[in-house]
Amino acid sequence: MIEFTLWDIVRNLLLALRWTVALSLIAFIGGGLVGGLLLTLRLGLGSGARRLIGWYVQLFQGTPLLMQLFLAYFGLALLGIEVSAWTAAALALTLYTSAYLVEIWRGCVEAVPRGQWEAARSLALSFGEQLRHVILPQASRLAIAPTVGFLVQVIKGTALASVIGFVELTKAGGMIANASFKPFLVFGCVALLYFALCFPVSLFAQRLERRIHVR
Amino acid sequence: MSAEALAVPIVRITALRKSYGTNEVLKGIDLDVMRGEVVAIIGKSGSGKSTLLRCVNGLEQFQEGSLTVNGKPLLYESAMAMRDLRQQVGMIFQGFNLFPHLSVGRNVMLAPTLVKKRSPNEAAEQATKLLRRVGLAEKFNAMPDQLSGGQQQRVAIARALAMEPAVLLCDEITSALDPELVGEVLRVVEALAEEGMTLMMVTHEMNFARKVADRVIFMHQGRVHEIGPPAELFGAPKTAELKQFLSSLHD
Amino acid sequence: MISFDFMAVLAEWPLLLKGLAWTLGLTLVSTPLGLAIAVLGAWSRACGPVWLRRMLGLYVELLRNTPFIVQLFFVFFGLPALGIKLSPELASVIAMTLNLGAYGTEILRAGIQATPRGQWEAAQSLALSRMQTFTRVVLPPALQRVWPAMTSQIIIVMLGSAVCGQISTEELSYAVNLIHSRNFRAFEAVFIATATYLLLAILARKLLMWAGPRFVFGRRSA
Amino acid sequence: QTALDGILKSKTVKIAIPTDYPPYGFVGPDMKPQGLDVAMAELIAAKLGAKVELVPVTSANRIPYLQTKKADLVISTLGKNPEREKVINFSAAYAPFYQAVFAAKSLPIKSWADLAGKSVAVTRGAMEDQELSKVAPSTLEFKRFEDNNATIAAFAAGQTQLLATSAAVAGNLMYRNPGLNTEYKLLLKDSPCYVGVAKGEDALLAKVNEIIAAAKAAGELEALSKKWLGRGSGELPL
Amino acid sequence: MSAEALAVPIVRITALRKSYGTNEVLKGIDLDVMRGEVVAIIGKSGSGKSTLLRCVNGLEQFQEGSLTVNGKPLLYESAMAMRDLRQQVGMIFQGFNLFPHLSVGRNVMLAPTLVKKRSPNEAAEQATKLLRRVGLAEKFNAMPDQLSGGQQQRVAIARALAMEPAVLLCDEITSALDPELVGEVLRVVEALAEEGMTLMMVTHEMNFARKVADRVIFMHQGRVHEIGPPAELFGAPKTAELKQFLSSLHD
C-alpha cells in the first residue's frame, strides 16, 4: 500500500479543484448567455414565449441536477447522439444554470418600477432603447448581488458532475479517501476547500447587496 | 403661425371609451384642445382623469372612439406611428420617474440623442438651456437622488421639453411634493403656459387651476361632467356633484 | 442503438413506491423542522444577543458554502467518530433539516429586513413587547413576503435528497439505482425517476403555495 | 464499423476501470490509477497495439458506459451472472475474485442463519449484493452504498455490523485498521473477474479472449495476480 | 378629576436635546402640555417636528434634558417602564402603519389583548365601539388593503384609542392622503379634541390647526421658534421666519 501524506492529499485535491473551477466557469458563462437570451425573449415576445420559458424553468428547477447530468451523458448517447463528458456537463450545467438565472433576472427587471417603463415610453424611446438605456442598467445593478450569490450554488452543483466521470473535487476526495483510508481527514479537506472557494464569493455577494441597499 | 393653424384643435378626442376588463372607466369623452390652450382636469379619485391623459399619449389603449393629435389618428399597431405621436406629446408624472442611474443632464439628453439623433454636443447644449429655464442650470451633473422632490419634478419637465412636444400632459405633478416645494414647480408650469405651450393637466391645486387654466374640466364617473372657464366653474358650479366636490376641498 | 424497455423498470413498482415514500417522508419531516430553525434563527439574528448572532452567522455560512453531499457524509461518517451513531435515515433528516434551516434563516432574515420600519414603530408605540412585535406583527408578513423563495428552497432540499441514497437511505434515487444495477435499464430508470421528481416538485410547489396562506402565515391569527 | 475496427484504426482503446477498489483499481499519491484491473487494461491495450484511455467508473455506472459505447471494454472486477449476460458479453476470466462476509472477531457467526437480525454494508450493484440476497435470512438488514468507498467507510465507522465485499478489499481494510478486529466469516462466492464487451461486438470479444488465453499461457495472468493480490490466480474458468 | 390634576402638565419637556451623530436636531426644547390641551406643531421640513414627537413616546432616545409623562420620567433602560409609558402615549403616523396581515378589527384588538390581557370578547366589543366612533363599524372584517387611505388612517386612530392613552401624538396624519379624503380624518380628530383628548399634532393643514388647536408651535432649526394661540401666530407672526413660512404656503 502507498502512503498518502497530508501534503499529498491537499495537493491532489487542489489539482482536482481546477476541474471544479473550470466546470463552474463553463456553467456560469453558458448559463449566463442562455439565461440572457431567454430573458430578452421573455420581455420582447408575447405570453406564448413567457409560458414556454416558464415550463423550461419548471423543468430544470424541478428535477435533480444529478439526473440531468446522467440523462445528458448516457441518455443522449442511447438516442444515438454522441456527446463527450465535457459536452454533456456543459450542456446540463448550462441548462440548469440558465433556468435559475432567468428567474433571478426576471425578478430584477420586474423590480424596476413601472413608471420607468412609462417615462421611457412617453419619451418616444423604442422597446430596445427602453430596455438598453433605462431598464437594464437599473435591473443589472439589482441583479449583480443575487447572481454572484448563485455562483456559489453552481460551484457546489459541479460536485455532481462526478457521476459522468469528472474527477473534480468531490470525486477526487472519494478516490483519495479510499486509497488512503483517511476518509475524515480527506472529506474535511474537501469541505474546507469548497468553503474556501465559495465563502469569498458569498461574502462578495453580501457586500454588493449591502451597497445596493444603502444607496 | 397662421390663424387657421391656431383654429385647428391639436388634440381631438371623440366618443372615447376605455374599459379595464368589464370596468368601464371612460364612458364617452369628447374634447378638443386648441393649440396654446391650458386645460385643467379636476375630479374625484377614480373618476378617470389619469386614464384620459394616458390615453392621449398612448400609454393606455382605448376600445372605442377616436383620438387625433395634430390631425394624425392613434395607431397602436404601428410602433413607428406611436413613436411619432409621443414626440408630439410629452408627459410628466406624479412620481417624477427620473432615470436614477443617469445624471440630471443625461436624463434630459437621452431621448433627443436616441430619438432625434442629436449629436451629444447639441443635446448637451439644449439640456443646459432647458435646465436653466427650470432654474437648475448648476445641477447638470447631479444625480436625481441628490435633488429635492421639487427639483426632480423640474428636471422631469425639462426632460419632457427636450423633445419639443406640441402638447404637455401633467398628471398631478405636485401631489408627491412637500407643501413648501409645490410653489417652485407650479411657477415653472405657469411660465410654460405664458409662453404658449399647450397643456393638459390633472391637478388638485384649485387656486393654480383658477389662475392658469383657460378651461377647467370636471370629470365624474368616467364622463366630462362640467366644462368651462375657471371663473364660471369655480364661481358658479352648475351640478350638485361639482358643488360637493368643491366643498369637500375646503373643509 | 438499443431499444427502450420502461416496463422492465416499472415492473419493480414496489421498490419505486417505497423509494417515493422515503423521499416524501424525508421531506415531510425535515421541512417543518427546518422552518422552525429558520424562524428561531431569523429571530435571533434580528433581536438576539451578539454572540448568538455570530454563532448563527457561522452556521449559516458553513452550510451554505459546502455541498450538501459533503455535509451528509459528515453527519453519517463523521459523527460516529464522536460516538454518535445514526441510522442513514436519521442522518439524512438531520442533514436536510440543517441545510434547510441555514438557507431558511437567511431567506427569512431578508424578509424581516424588508419590514417597513413603521411596522416595528407602530407595534412599539402600542406598547407591544419585542417578542410580541416579532411574532404577531413582523413575522407573518415577512413569511408571506418570502414564501415563494422559501418554497423554492424546500423543493431544492427535496430534490437534494436524491443524494441521500449514497449513504443507503432508501429514497427514490436509491431505488432507481438499485433497479438499474440489477436489470441494467439505466436510461429508463433514471428517466422515470426524473419525471417523478419533476411531478413531485410541481405538486410540492402547488401544495406549499396553497398551504402557506392557510397554515403558515394565515390571516386568521390574532 | 465494429468496435474492433475503430480501435485498430484510431489506435486507442477506451477501457473502464475502477478507481475506488483497491487493489484492483485505486489511485496513488500522483492520482494515477493503478491496480490489477489497470494493469490488465494496459496489457490488453498493448496486445491490441493501441494506446489505452482509462475511464474511471463506479460499480453502479460501469454497465451504462459500455451500453452507450463510452467505453470499449469494462475491466472493473466484473463478475458474470445470467442477468448480466442478457445485456453484455463476457470474455474468459482474467483474475480471481472472492467475495465474503466479514465482521468483528467478537461476533459469533458460523452459518448463514447466524446473520439473522444483523446489518450488512454492501456496494449497490456489486456482485456480493445479489449473491448475499440469495442466501441470507430475510431478517438481515442491507445497507447499500453508492460506491465501495462509502461501503467501507460505513463499516469502519460502525454503522453496520457486517461487511460483504471482496477478500482483497477486506484484507486491505484489516491491514489498515487493525483496531476493528475484523475477520473473515463466510465465503459468499468465488466469482472471478471477466472483461465486459458490448453485445454485438463479437470480433472484439474474440480478440480479447485470444489475448487472455495467450497471457494465461505465458504466465502473465499468474504474475499479475501474484503482484496485486499476493497469491496465484488459481483455476480461471473460460 | 380634581382641579389640581388638570393644572399639572401631562407632558413636560425640559431642555431636551437630541442629535443624530454630530447633527443636532433638537437644540433645547421646553414645552409643557396640559391635560386636554391640543397643541399643533408646524414648521419647515427638517425642522425637527417628527423627532420631537418621536421622543415623547420613546421611539427616539434623546441625549440631554428631561421628559416626563404624567409625572413619570422616561427610562430607556427598563423595557417595562417603556411599555407603561407607551400605554399612556398613543401615536398615529403619516403612513398609517396598519398591520397588513390582520383584519381591521384585529388590528384594533391586538394591543388590548396582548398588553392589557383583555379577553377576545371584550376586546372585540371595544373595537366595534371604536370603529363605530371613527365611522367604520361595518369594516370590522375588511383587510387594510381593501380600504382607502382615509379609512385606513381612521382605523389607525381607533387602534391607538384602544389602548386608552392619555396623550395622542399625530405626525402629519393627512399628508399621505388624497385631498378629498383629508376631511374625513380631520373630522375624527376634531371630535377627539372636543371630547377632551390631549393631542400633540404635526400638521401642514393650517386651517385645521387654526380651528382646533389651543396652542400652535412653530419649530425652526430644532428650536421652538414661536409659540402662542393660533389667532396670534397666524394673524400676527412676530418673526421673519414664521412670516416666510406662512407665505410659502399660500402661493
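In this document, chain identifiers A, B, C, D and E correspond to the written order of the chains, with residue numbering beginning at 1 in each.
The rule we apply is simple: a contact is a pair of C-beta atoms (placed from the backbone, for glycine too) under 8 Å apart; a residue touches a chain by one contact, two chains touch by 3 or more.
Chain labels with UniProt names: A, C = Amino acid ABC transporter permease; B, E = Amino acid ABC transporter ATP-binding protein.
Keep in mind that what you see is a predicted model, and the values were worked out from it rather than measured.
Number of steps on the shortest path from subunit C to subunit E, with steps defined by chain touch: 1. Using mean Cα coordinates as chain centres, the one most removed from subunit E is D.
Averaging C-alpha coordinates per chain places the centre of subunit A 46 Å away from that of subunit B. If each chain is reduced to the centroid of its CA atoms, subunit A and subunit D end up 36 Å from each other. Once the centre of each chain is set as its mean CA position, subunit B and subunit C turn out to be 52 Å apart.
Touching two or more other chains at once are residues 2, 73, 77, 81, 186-187 of subunit C.
Chain contacts: subunit D has residues 61, 64, 67, 147, 153 touching two or more partner chains. Looking at subunit B, no residue sits in touch with two or more other chains. All chain pairs that touch, listed by label, are A-B, A-C, A-D, B-E, C-D, C-E. Within the complex, the subunit A residues that touch subunit C are 58-59, 61-68, 70-71, 74-75, 78-80, 152, 156-157, 159-160, 170, 183-184, 187, 190-191, 194-195, 198-199, 202.
In the complex of the two chains, the subunit E residues touching subunit C come out as 57, 59, 79, 83-84, 86-87, 89-91, 93, 95, 97-103, 106, 109-111, 113-115, 120, 143, 156, 159-160, 163.
Of all residues in subunit D, those touching subunit C in their complex are 59-61, 63-64, 67, 83-84, 87-88, 121, 124-125, 129-130, 143-147, 150, 153-154, 157-159.
Residue ranges on subunit C touching subunit A, taken from their complex, read 1-2, 4, 61-62, 64-71, 73-74, 77-78, 81, 152, 155, 159-160, 162-163, 173, 186-187, 190-191, 193-194, 197-198, 201-202.
The touching residues of subunit B, when paired with subunit E in their complex, are 44-45, 175, 178-180, 182-183, 186, 204, 207, 245, 248-249, 251.
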